[in-house]
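Before any comments, here is the structure.
For reference, chains read A, B and C in written order, and residue numbers begin at 1 within each chain.
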Amino acid sequence: MADAPHARTPARPEELRAIEAVLMVVEEPVEPGLLAELLEVGPAKVEHLCSELAAAYQAEERGFVLVRVAGGYRFQTHPDLAPYVERLALRGQSARLSAAALETLAVVAYKQPVSRAQVAAIRGVEVDGVVRTLERRGYIEEVARDAGPGQAVLYGTSRHFLERLGLDSLDDLPPLGDFVPGPEEVELLENGLRSGE
Amino acid sequence: MVCAGPNRPLGILHQMPYEVSTPVFEGPLDLLLHLIVDEQVDLYEVSITSIVGAYLAHLEDLHHLELETATEFLLVAAVLVELKVRRLLPAPSAVDLDEEIELWSKRDVLLARLLECKTYKQAAQALEQLAFRAERSRPRTVGMEDRFACVMPDALAGVTAEQLRNALERALMPRPVPRVVLDHVTPVRASVRDAVAQLSDELPRLGQASFRRLTEGVVERLQIIVRFLAVLELYKDGLVELDQGVTFGELRVRWLGEDGGLVPQPSMLEAQVREGAAESVAEYQG
Amino acid sequence: MADAPHARTPARPEELRAIEAVLMVVEEPVEPGLLAELLEVGPAKVEHLCSELAAAYQAEERGFVLVRVAGGYRFQTHPDLAPYVERLALRGQSARLSAAALETLAVVAYKQPVSRAQVAAIRGVEVDGVVRTLERRGYIEEVARDAGPGQAVLYGTSRHFLERLGLDSLDDLPPLGDFVPGPEEVELLENGLRSGE
């Protein structure tokens, strides 16, 4: 990568750069209020800066646009380029569920309603990304809020999920019984016992 | 694994400065490195009893004793004791040269291991730095926009409800996941070479023995197999003669080689250590 | 939002715009091969376009950067702006690895494929628990089986490891030789272990 030209006069305002950075990583549209707080400037200034950025991206014919949607700002792909994005959607990275995603989906299906933290505790790993993916694919959805102080989102499986698995209702999920481990697990368990653990 | 458990003051042993979650010594190599490099202690001025005492105290803090760790510690402590004894006692007039060389090679092995351990400790710090730097730049992972969701192929295609249940059972498997024992029986530790060395020590004395006798007291099937391979190896080299009366009958092994054995007889652990050290030394030079 | 100036000559190449659009919607670094497929251009061209974009973002002092990591390209925030991004308190902040885990990870990274027993021999302690943690957190994975009698699992580092360290490939790891203790330290160790005079 080439270095920035050294005669960088005048430096680009930090506020604009900070907005670009924040917009790069947020999942949901960012409210101007939050941006104002992060940047320590007034909300009017934020609106002004965002319009300035949006206009510049348009003028520069970027492949992305900065839009105001659902009360906040976010980056989106330029409508012109939808064909490329569609092609990516078709043969992209998410054509199959990973083993981790399937396990997470299973936990939600059998233990619903369940919070992200509960799923994470069961699986022993952080599950935020996987939950988001499952939610975006419409297999799980928010079904309630925890009564506790955090009011954590509780997830359950969707109608779409039942349809995809060819199930009438959740009652049709294969019963767990007394948790009879499958053949591979039996082997693992036996070996584990033999090792005197 | 000596990395859990409450921290207890270990006398002369301070906690490692960069230990993040569990400021305890992870093992004898850790401890030695700390003593020599950080504390700059002449080990011969430190009472080995206190090192051992501190380490035992630490082990007691653990809920269960890890045999491997304890053994490892014994090995290192034994080398230290031997080195110290050699240093403290006036040299006897008739020094056993073999013993002397043996001791030096043990020392070198320990040194090589310490160097290797230190190398990876420093590499670990570099990796941490890399991760730390990388964290300042966060990736965009927002993913596909909702309006393209209809285009995405169904990721559940071909997934059955049974597979889902199996996935749950995997997720519910008690952790730590039970593991297959054999892979922590190191191939190196049960190496055919070692078995050959042992057999060529035993057999000349026995003259002839049944394979059953040669594997007496060996409980691990893997070790029996390794011994069997070793017998075949000796046969290939014309050092033994094999005789089996009937199929599945007693296998008799008769020594044909010269007395005294032809192969050096390192203890299994030592041989393993030595191999590891040679490898690491080669790496440093490379 | 202001309108783009109408005298937009010459039009920005569609390939650059398409790359920008695709990078906006990928969850993982996108491989040059996939980009080439989507854009219907050769892989060399993709590499060239991506470097061009990356250099331009740098020169324009954007709040984001285009990086090559774990064998692919992705957008990331500019490190300068970490303070703003950190204030967002994003989900999925990664838990720190313990020193024991880092050391084990280092051994796996440099010696892969490597068995648990080999790692244990180098570290002088039993490493099963740490290896399990690293595996569960996705830093290492089973890459092969030992040909020897035990068929020990051999571990290597994962793509996630590269991503977390900001490396494009294992070749970018600093050489192990850099970490071999210097002569003074070797001498120190030798003296510490000296026997007799």
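Annotations
Everything below uses one rule, namely that a contact is a pair of C-beta atoms (placed from the backbone, for glycine too) under 8 Å apart; a residue touches a chain by one contact, two chains touch by 3 or more.
Just so we're clear, the structure is a prediction, and the values are computed from it rather than from any experiment.
Closest to the middle of the protein, by Cα centroid, lies chain C. Ranked by the number of C-beta pairs in contact, the top chain pair here is B-C.
Among the remaining chains, the Cα-based centre furthest from that of chain B is the centre of A. Chain centres here are Cα averages; for chain A and chain C they lie 21 Å apart.
One simple way to say how far apart two chains are is to compare their mean CA positions; for chain A and chain B this gives 42 Å. With each centre defined as the average position of its C-alpha atoms, the distance from chain B to chain C rounds to 29 Å.
Looking at chain A, residues 24-26, 75-77, 85, 88, 92, 94, 124, 129, 133 sit in touch with two or more other chains. Multi-chain contact residues of chain B (touching two or more other chains): 138-145, 148, 175-177, 179, 184. Those residues of chain A that touch chain C in the shared complex are 1-5, 8, 11-12, 14, 16-22, 24-26, 38-39, 51-52, 54-55, 58-64, 75-78, 80-81, 84-85, 87-88, 91-94, 124-126, 128-129, 133.
Chain contact summary for the complex, chain B toward chain C: residues 1-4, 16, 18-22, 26-30, 32-33, 35-37, 40-43, 66, 68-69, 72, 76, 83-84, 86-87, 91, 103-104, 107, 110-111, 113-128, 130-131, 133-145, 148, 175-177, 179, 182-190, 222, 225-226, 272-273, 276, 280, 283-284.
Interface residues of chain C facing chain B in the complex, by the touch rule stated above, are 23-29, 64-65, 67, 69, 74-79, 82, 85, 90, 94, 96-100, 102-103, 105-107, 109-110, 115-118, 120-130, 132, 146, 148-153, 163-167, 174, 176-181, 185-186, 188-196. Against chain A, in their complex, chain B makes its touches with residues 138-146, 148-149, 151-157, 159-173, 175-181, 184.
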